[in-house]
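Here is the structure we will look at, set down as structure tokens.
Letters A, B, C and D name the chains as they come in the text, with residue numbers starting at 1 for each one.
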Amino acid sequence: MGLRRDQLAMRVAQELKDGYYVNLGIGIPTLVANYVPDDIEVMLQSENGLLGMGEFPSEENVDPDLINAGKQTVTAVMGASFFSSADSFAMIRGGHVDLTVLGAFEVDQNGSIASWMVPGKLVKGMGGAMDLVAGARDIIVTMTHANKKGESKVLKECTLPLTGVGCIKKVVSDLAYMEIHDGKFHLFERAPGISVEEIISKTEGDLIVPEYVPEMKLGSIMR
Amino acid sequence: MGLRRDQLAMRVAQELKDGYYVNLGIGIPTLVANYVPDDIEVMLQSENGLLGMGEFPSEENVDPDLINAGKQTVTAVMGASFFSSADSFAMIRGGHVDLTVLGAFEVDQNGSIASWMVPGKLVKGMGGAMDLVAGARDIIVTMTHANKKGESKVLKECTLPLTGVGCIKKVVSDLAYMEIHDGKFHLFERAPGISVEEIISKTEGDLIVPEYVPEMKLGSIMR
Amino acid sequence: MVGFNKVVNSYDEALKGLKNNMTVIVGGFGLCGIPEGLIARIQTMDVSGLTCVSNNAGVDGFGLGLLLESKQIKKMIASYVGENGLFEEQFLTGELEVELTPQGTLAEKMRAGGAGIPGFYTATGYGTPVAEGKEIRSFGGKSYVLEESITGEFALVKAWKADTMGNLIFRKTAMNFNPMAATAGKVTVAEVEEIVEPGELDPNAIHTPGIYVNRVIKGTFEKRIEQLTLASA
Amino acid sequence: MVGFNKVVNSYDEALKGLKNNMTVIVGGFGLCGIPEGLIARIQTMDVSGLTCVSNNAGVDGFGLGLLLESKQIKKMIASYVGENGLFEEQFLTGELEVELTPQGTLAEKMRAGGAGIPGFYTATGYGTPVAEGKEIRSFGGKSYVLEESITGEFALVKAWKADTMGNLIFRKTAMNFNPMAATAGKVTVAEVEEIVEPGELDPNAIHTPGIYVNRVIKGTFEKRIEQLTLASA
């Protein structure tokens, strides 16, 4: 059993640093906000035009004019600002967002990512994902390591239409924490109870495995 | 004797229309604001970031944070807005300003204009002039028809480095009101007391002269 | 003398001149900050073959979803259209042409359209289907895609407050695509919650100067919420 | 934990890391909205060979004129430098390199630099000396010039109010180039008239979100007027 959704979010949250401006994608990435370590502050950017996204509102505070990129009602923190979509993506494209966290169908050892389209299925659109992967200073992909049939999604080369080329540096899968350097995956941590062998067997791309692969530290002690 | 500075401004002011957004250049163009007909409203754009420029301030109302593109202290009218230089030139370049009035060293029959640089003399810079001539929906040039030696500044082809190519449609000189169509100057009005012959003799460019050239109407009756 | 009074009193007047096959740029993100009344009014008009440029295509029965229902839209230029079942159907049957555009590129295309910039380079979409057929150019060793600007015969935007001269202020994330859309329309119509007199809006805090706005109409807004999410108590 | 507190208490701290031969983007139009104290402080520092990007070059003895005086500027990228005698002299003797750039192009180059757009097309300057050596491209039958973006190691801006998180509000025409400059610096320093707590600035009316600002310092401003013009009584 690999990491649950909340555990994926917990592990990703360990990559946050004090003073980071962070864009969290829809789904698991959104959960990362729940696990920001107590000793740091981060500001969340929502690409529909909000820097300083807060928690979901109480019933009295619901405001239809205040939503996030997933179209969910949210709140804004003290020190937040609102701006246009052009200004928002200027921020993203210009490399001012420190970290983007998003999901993926596939990643490959060259850092390319496929996350928006499965040919033959209906295409819903890329939304802001292509801008986010092209612009963010650092990107973490959260995903399952393999599909339900056990086929690897951590590949030599993505098979699906790409979202971005050579942009991903870090992957948190349900099985492992990996980084991408020099055209290869590098295994840094394994999920609790997951063997290095399982990770190897479910990784199609070139994987550099060090002699000792520590188990991820999760739970309340964050760092 | 051709038109005086204030008369040039008066004649230009006759081209204003109700609801126009207008950018007035430094010098004579600035004076046009004094002759806006009573029965219309115009909004003045100042390219340093003000739409709705008002008159010069009284001594008590001087505000160093409120200047025009000529760096003069000004005021803002009711309904004015302030914005950045990028937004200001987006407005200009995007063709949203109805009319630009500016001075020139030379214009030619193809609508090109030279207004910013005399080689050998010090170059002070083009400021916003190149953006204004490239972007405005309509442009009126105010200038003297000839230089002090009597040499024409209304040319077949500009000799000085250009500010813009093929952009000028209307010229109000001290001698005449002309329009530029199909690569030729067209004489529409002559300044009071100025003969058609004098205009012809001081126009180097091709000039189409109709059978009857009315005298400009100036003074308090504007249209 | 009309001067700068942009206020119109009917949707008829607000949409006067909208014709078949025009390109209409529509502000909003999801159902947030959309010109509800203007869109609904188009559904009652005898115009079709529209190209709509909007980040989303509304939902079934609301927003641009209405115009999909009435088959008045020939083509959608959007970044995400996943909320709309009817859209899905028309897209699959080929009834609707779709040009999917990354969200930031779409926003910048509108801004460029309004700003007289016919094309710009962005890294977004390089190496993806979005870049197909487009010029690729290298700056500083990195590859970028040439994207062209978008303008429309009409732009329909939703603002919070307007003065009679068309100066607009948007509210919170209902701003989104509206400021750029406002600059990119040949005729820009703003549907707003409140119209005030000139001088009542802080000139230092105006999001869209009146020069971009041709018509202002006071609307009433349902402000439908797409995803109601509440704090767990 | 520093969090998002960007306030620094000395000009030393504000300009830490500024080194020889760096590119410094400076906000302001004429003497309006310039970071007076930051500029003056550079004059006392042992840095030279700077490339300054600013619409103007100050006047003799004030603004960037100070750094021309001390010969710390190697190159100016500006649209208009006519107010400055010393500039004239250094330019004529070849001591100072000058890249004259149309004002709107300069503003857009800074915006593009901050927005991750390496190049854009503009009609401005086509057929003029400004276009020499640049790519010309036709869109819709009209000719445009390819202009590249500008970024700097430092950006120095002047704002009216900041909160401690670096959110900025500018005042009237003292806004000018400051918002774009703020986006285009690797390190952006804002010298402001007033620093308030987060939450005191209306989030709907912030001109520059704090993400662009690395350091905030409270300055005192002379606000010298270049052309005092008064209404005739």
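Note that a contact is a pair of C-beta atoms (placed from the backbone, for glycine too) under 8 Å apart; a residue touches a chain by one contact, two chains touch by 3 or more.
Computed from a predicted model, the values in this text were never measured in an experiment.
The chains in contact with chain B and with chain D alike are C. Here B-C and A-C are compared, and the pair linked by more C-beta contacts is A-C.
We define each chain's centre as the mean of its Cα atoms; on that basis chain A and chain D are separated by 35 Å. Centre-to-centre separation between chain C and chain D, using Cα means, comes to 32 Å. Chain geometry summary: the mean Cα position of chain A and that of chain C are 29 Å apart. The multi-chain contact residues of chain B, meaning those touching 2 or more other chains, are 76, 82-83, 89-90, 92-93, 134-135.
Residue positions of chain D touching 2 or more other chains: 108, 111, 115-117, 122-123, 170-172, 203-204. Remark: the chains found to touch one another pair up as A-C, A-D, B-C, B-D, C-D. Residue ranges on chain C touching chain D, taken from their complex, read 108, 112, 115-123, 137, 139-140, 142, 144, 148, 169-172, 202-205.
Chain C contributes residues 29-33, 55, 78-83, 88, 91-92, 100, 102-108, 110-111, 122-130, 160, 170-180, 207, 223-233 to its touches with chain A in the complex.
Chain contact summary for the complex, chain A toward chain C: residues 46-50, 55-59, 62-68, 70-74, 76, 82-86, 88-90, 92-93, 112, 117, 122-131, 134-135, 161-166. Residues of chain D touching chain A in their complex: 1-4, 111, 113-117, 163, 165, 167, 183, 198-199, 203-204, 206, 209-212. Within the complex formed with chain C, the residues of chain B that make contact are 18-19, 21, 39-41, 43, 45, 51-52, 76, 78-83, 87, 89-97, 134-135.
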